[in-house]
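Two complexes, one shared chain (subunit A), two partners (subunit B, subunit C).
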Partner chain A sequence: MSTLLTADMIRKWAPVLVLIGLVLLFTTINPHFFSLRNFARITISSTPALMVAVGVTFVILMGSIDLSMEGTIAVCAVLFALILNIFGGSISGIGWLAIPGALLAGAFLGAVNGIVHVQLKIPSFMASLSLGFIGIGLSLLITGGNRILIDDPVFRSLLTFRIMGFPLMVYAALLCLMVAWFIQDDTVIGRNFYAVGGGEDLARASGLNVGRLRIIGFTLAGIFYALGAIFAVARLGIAETETGRNFMFTSITSVVVGGTALRGGSGGVWSTLVGVLIVNVIGNGMVVTGLPDYFQDGVLGILVIFAVYLSTDRRSLSFIK
Partner chain B sequence: MSFIKNYLERQICERRQFLLLSAYGLGGMAVSSALKTKTARAAVQNPKIAWSYRDRTNPYWNSIVAGGDAFVRSLGRPSDSLINLINEGSSEKSLADIKSLLSRYGSQVALAADPNDMPNCRPVVEAVCSAGAYISTIWNKTDDLHPWDFGDNYVSHMTWSDVGPSEQTARVLFDAMGGKGGVVHLGGIASNNPAIERLQGLKNALKSYPNIELLAVQAADWDTQKANQVMSGFLTRYGDAVKGVHCASDTMAYGVIEALRAEAIEGMPIVSYDGNPQAVGLVAQGKLLATVFTNPYWGGGITAALAYYAATGVFKPSSEPKEHREFYGPATLVTTKDASEFKSKYIDSNPEYDWKSLWSFTSGPIKYKS
Partner chain C sequence: MFELRNVEKRYPGVHVLKGVDFSVGDGEIVGLVGENGAGKSTLMKIIYGAVQHDAGDVLVDGENVHFRNPRDAMKRGIGMVYQEQSLIPNLTVMENIFLGFEEPFVYFGSINWRKMAAAARKQLEKVKLNISPSTLTSKLTFAQRQLVELAKVLTLEERTEGKLVILLDEPTSVLSKEEIDLLFTLVKELRRRASFIFVSHRLDEIIELSDRIYVLKDGVVVDTIDGETANAADIQKKMVGRDIHSQYYREDRQSSFDKNNVLLELEHVTIAGRGNDVSLALHAGEVIALLGVEGSGREPILRTIFGMQKPEKGTIKIRGEPVNAFSAARSVAHGIAYVPRERKIEGIASGMNVFENMTLSQMKNYSWGGILKVPSERALARDWIHRLSVKVPSENTDCGNLSGGNQQKVVLAKWRSGGSDIILLDHPTRGLDIGAKEDVYDMIRDMSQDGVGIILVADTLEEAIGLSHTIAVIRDGEIRQWFTCLPGSKPSPFDLIQHMV
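Up next, the complex of A and B:
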């Protein structure tokens, strides 16, 4: 019994161990890796990805999947920049309306995603993938393929203003993570996500309106994608259709590497934080250690398999699909 | 949002019309091939003008299409009479769309195209030539394929050699660094020809600057966000040893500038490539030292013009010298000295080009590596 407990403990903490192992590995190869300035760089690139990954965590906890993030981010980023520029171009004036504007757009797109999935009974995989394409098309239509620049120094202080070596956006993202944690652990909705993911039949039988819960889950995810879009714009000062690029792969990878099971019901936002850090430490570490380009994608793939292998209890799975 | 509604309505109508006409054309082809009447073909009076290209999500292709529109308008036609065939990076879609167009309009087509990848150029050209239509291509073509092997129908091919201009940007960069110190290169997708050539240009310039050290070369895949991350990694790895940055494209330079801004590093010499409007603006402000303008607007217009004027018989391609059939497009170095003037001339408004002056901005015949 005690060995089982130990094995379970190791499995639970495996992602954290992987993260520590990676940090030690990269530090051994290049001691510059282990510095406050470099950690700040890693957290800057992690911030937008964390918001997106937290959003999709809620959906994955329910046992569904959401692949619409790239389209949603593109639309939210472009709308955010448009609204900001229309209202004077500064977040210190009435331009702040761009923030609720982008969040509303994210919530709307998420809700549409959920409604299409639940009401039309289309698998979440297909529904969300299609809506992602629609989002990309919509943002292209709005911008005509052009980039929108954001040069508001107040808004860009999210990147440029630092407290204890870390930029403001890192603290803002941590605050959002706390809110996500609260939703997950201390609200009925959060607990119901686990109930549906753990066993939908049981949840239905005990009177839970699963369809409504799913729509709420997708809406919540959309809001977090919008937050990711705002941080992505803060990081680069550019809003365009390409803003959402690559977020699908990195966010889903981060969630899985962090230890949240794709079948639903286990994991959570803190696991996602660890997963996002692992993926970004690998990205940064490979450049810092000077690994050749052609190795990097392959090494990322191997590390992902390794991390997922360590964090899942295969004995509890009757079949793998 | 009425512009969105109008745009959607127009696109839906165009697509519907296109599908119907394609079906009609296919039927017509079947009938005509069954009857098999061979007639001598005269110059086309009023060909349809089409542009086949990758997508509209980046400024480069936007400028290409804007040039195509400008040419169509110069003929007194409405701008939306230019048929857009968007291949979304798929060679199969590129060929299928072009074949649909040909089955509808037959020889009544003047087509400008980037065939998406090199092997796709031959089937595209063969399809156009066997329909008796006219095509001019840009960028992607294999070395063994030549317009003069197809009589008049394969009008021309234009590409850009990036080695020389990239070497020029590297020299501007090294001079700004005082001829010494470490430099890093952010490249495009490693297998892309422009990425290979732009790195080669940097390496050529390095030969004349013995005190410049190339610290690292890293692909950032033409992507702003990835370039941002790669530059952060370089700062950790080399710290203050990085004295200059050579970027293979403007889009990556934006990511580099923001990575430096996050660290409050000011005045780092950076050069880039492509001459996008935003980059030319940054050169004018001194945040970039140089970029290379390849004039996609002119390229988009002139490629369509070449196909159109060959189709209408204004000139006979097979009577032209080889350097009028295969040639390099323009590449202009934009530096901090001339950026403001350049911006007002080429970026803020597009100059009125004479679309009948077909080879005015070309830069010589294509040289192949033997």
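Up next, the complex of A and C:
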């Protein structure tokens, strides 16, 4: 019994230990790594990634997968920039409408994703992958392949205005994380995500409307992708199709490395925060210690395999498809 | 020729086999009986190599062996005919028979199908099955598949030296009477070629077929009985370890139900794909047991009442109101509860804790505007943990780590606390130890007293008789016979079995 407990404890706290270990490792190699300025850099790059990863966490908790984030982010980013520029170019004016606009677009794309998956009974990975490509195409259609520049100083203050060394967007993202935490722990839909991921048949036999719940899950994910898109635009000052690039691998990596099980039912947004930090600390640490950045993807790949290995209870699996 | 000496097996927290001695002679048919949880399946798994023993010896022809996997066991002539059929449905019969052993038919990497078909035909002859080896397995009946499995195991004859030992795990559960007779004749003939270990819940079959019968209880062989002189009541007593008396099922607490209060009514309902006609009425405080052999159509009736299947014809009335929309959500809202047989899959969400499991079906009562009221959830869980004396450290314990009995209590608490008064119990005591079973029986009596109507699919005949007010015997999807089951004048298993098979 005691061996089981320790195995569970290791599984639970391993991501945090890995994060601490990585920080110590990079600090020994290069002491400059351990500085407020560098930590600010890490958190800035983590901010959009955190929103996207939190979004996909909800979907993974249900035991589904969502690969549409790159397309959704591209569409939301581009729409956000367009609306902002049409309505005077500043969110201090009526340009603020760009924010609910982008969130609505994200929710809409997520809902479509969920409806296609549930109503047409298409596996979530295929449905979302296809819709991701549609999103990328859609954003190219909107922009014609051009970049849209944002030079609203109020909006850019998300990056430029700093409190205790960290820019505003970091605090905004933490606020969003709190909201996600609240949804996860204190709402019926949050609880139901775990129930569906833990046992779909059970959830159905308990009278839950599983199909509707899945659609809600994908919609919620879409909203968080839109938040990720807004932060990504705030960080670079540019909105384009490329804004969504690389988010698919890094967000799912973060969720898995953080300890949320791909089969669903266990994990959560705090695990995802740890996962996002691990991924970004590795990215930053590679640069700070002067390792070539193509190493980064390799290391992340190994980390994912390791994380999945650690998080699955293989005794319960007879074979894996 | 095959022998286990003092074999031990432990899993974390359980001592499953406590020094088991077991032997099979040449051409002998050995029966193995025991209640659920007695250690039967672990013993079998050790015999055919799926599980490794912790201590003791396994001997084949006096030689100490150690099987790392079923293939090792097969090399020594030990084969298994699985209860849940292990044939792959999208392969042909011959591919299944030689699955994993295709080498003799392979020339330069490609399979000589004609040669394989000829070899397969030879195997099928052994079991007197006249089908083409290239038939897709999914096209066969259950009985035919069972025979193909047997043929598959018999291929060991050509591959191994020495005699075979073949395990038959509940081979009759899906077969009709004639098919069972056929199988038994075949087994008796095949004993020239092989010894058999026969595992079944049906004592009459075990007695009919076996030369010797091992009775397993709590991981110990409590007795070995000669097949000639064995009788079912004796064996039963030994399996349970004491006489089953009426007190066991709390018959003294069986009170009469309210005949004027009909909770649920089925009027000429045709279950999807069954072409049958089922009518029944469930009253407040009544326990109706649906009795029948495996596959006789008890579960589809439960699933239809619960709204997981739509009936083809007929009406279902809940408290007099006809039901029009069929879904589990609707049923739960109308106070119907379903305690499924597969507790791990449909009963308990492992990974979720006790209070989360209890409120899962009634979150409307524990939330406001979609936001959960966790403190009242906890209070509810603590209350029910106390009322049903669930053995858990706290309401925060992960339900996946509880024992089967405590899981079942959590499931029942979930439905009872939500105010469900039509409760469908599918094998509620499966896999529970005796103490936990008695707790469940008590809970059933408590529920009756509170005016809950229960439809029960029991684990054993005796359980159904002991617990119910009314018994409906089901065969081929139809209710064939009704029995009233008043304490003191309950029908005997013999009365019932006649209508079951």
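By our rule, the second predicted complex is superposed on the first by the 298 of 321 C-alpha atoms of A that agree within 3 Å, B and C clash if a C-alpha of one lies under 4 Å from a C-alpha of the other, contacts with A are read in each partner's own complex, and residues count from 1 in each chain.
Following the convention adopted for this analysis, a contact is a pair of C-beta atoms (placed from the backbone, for glycine too) under 8 Å apart; a residue touches a chain by one contact, two chains touch by 3 or more.
Everything quoted here is computed from the prediction, not taken from an experiment.
Participant: Once both complexes are superposed via subunit A, do subunit B and subunit C end up clashing or fitting?
Facilitator: By the criteria stated at the top, subunit C and subunit B fit after superposition, with no clash.
Participant: In the overlaid three-chain picture, which partner chain does A:Thr241 touch, first (subunit B) or second (subunit C), both, or neither?
Facilitator: It touches subunit B, and subunit C stays clear.
Participant: See if subunit A has more residues touched by subunit B or by subunit C, and give me that chain.
Facilitator: B
Participant: Where does A:Gly290 make contact in the superposed view: on subunit B (first), on subunit C (second), on both, or on neither?
Facilitator: After superposing on A, A:Gly290 lies in contact with subunit B but is clear of subunit C.
Participant: Look at A:Leu159 in the shared chain and tell me whether it touches subunit B only, subunit C only, both, or neither; answer first, second, both or neither.
Facilitator: The answer is first: A:Leu159 touches subunit B but not subunit C.
Participant: Of the partners subunit B and subunit C, which touch A:Arg41 in the superposed model: first, second, both, neither?
Facilitator: It touches subunit B, and subunit C stays clear.
Participant: Determine, under the contact definition given at the top, whether A:Ser92 touches first (subunit B), second (subunit C), both, or neither.
Facilitator: neither
Participant: Taking the superposition on A as described, I'd like to know which of subunit B and subunit C A:Tyr194 touches: first, second, both or neither.
Facilitator: second
Participant: After superposing the two complexes, find the smallest distance in angstrom between C-alpha atoms of subunit B and C-alpha atoms of subunit C.
Facilitator: Nearest C-alpha atoms of the two chains are 33 Å apart.
Participant: Could you tell me which stretches of subunit A are touched by subunit B in one complex and by subunit C in the other?
Facilitator: Shared contact residues on subunit A (touching subunit B in one complex, subunit C in the other): none at all.
Participant: Would you tell me which residues of subunit A are touching subunit C in their complex?
Facilitator: 1, 3-4, 185-192, 194-195, 198-199, 201-209, 265-266
Participant: Which residues of subunit C touch subunit A once you look at their complex with the stated criterion?
Facilitator: On the subunit C side, the touching residues are 12-13, 306, 308, 328-329, 331-333, 338, 340, 342, 345-352, 356, 360-361, 363, 367, 370-372, 374, 414.
Participant: Going by the contact rule at the top, pick out the subunit A residues touching subunit B in the complex.
Facilitator: My answer: residues 30, 32-33, 35, 37-38, 41, 44-45, 140-142, 144-147, 149, 156, 159-160, 167, 232, 235-238, 240-242, 245-246, 283-284, 286-290, 293-294.
Participant: Spell out the part of subunit B that touches subunit A in their complex, as residue ranges.
Facilitator: 4, 7-8, 55-59, 61-62, 190, 216, 218-219, 223-226, 228-230, 232-237, 239, 254-255, 258, 261-264, 278
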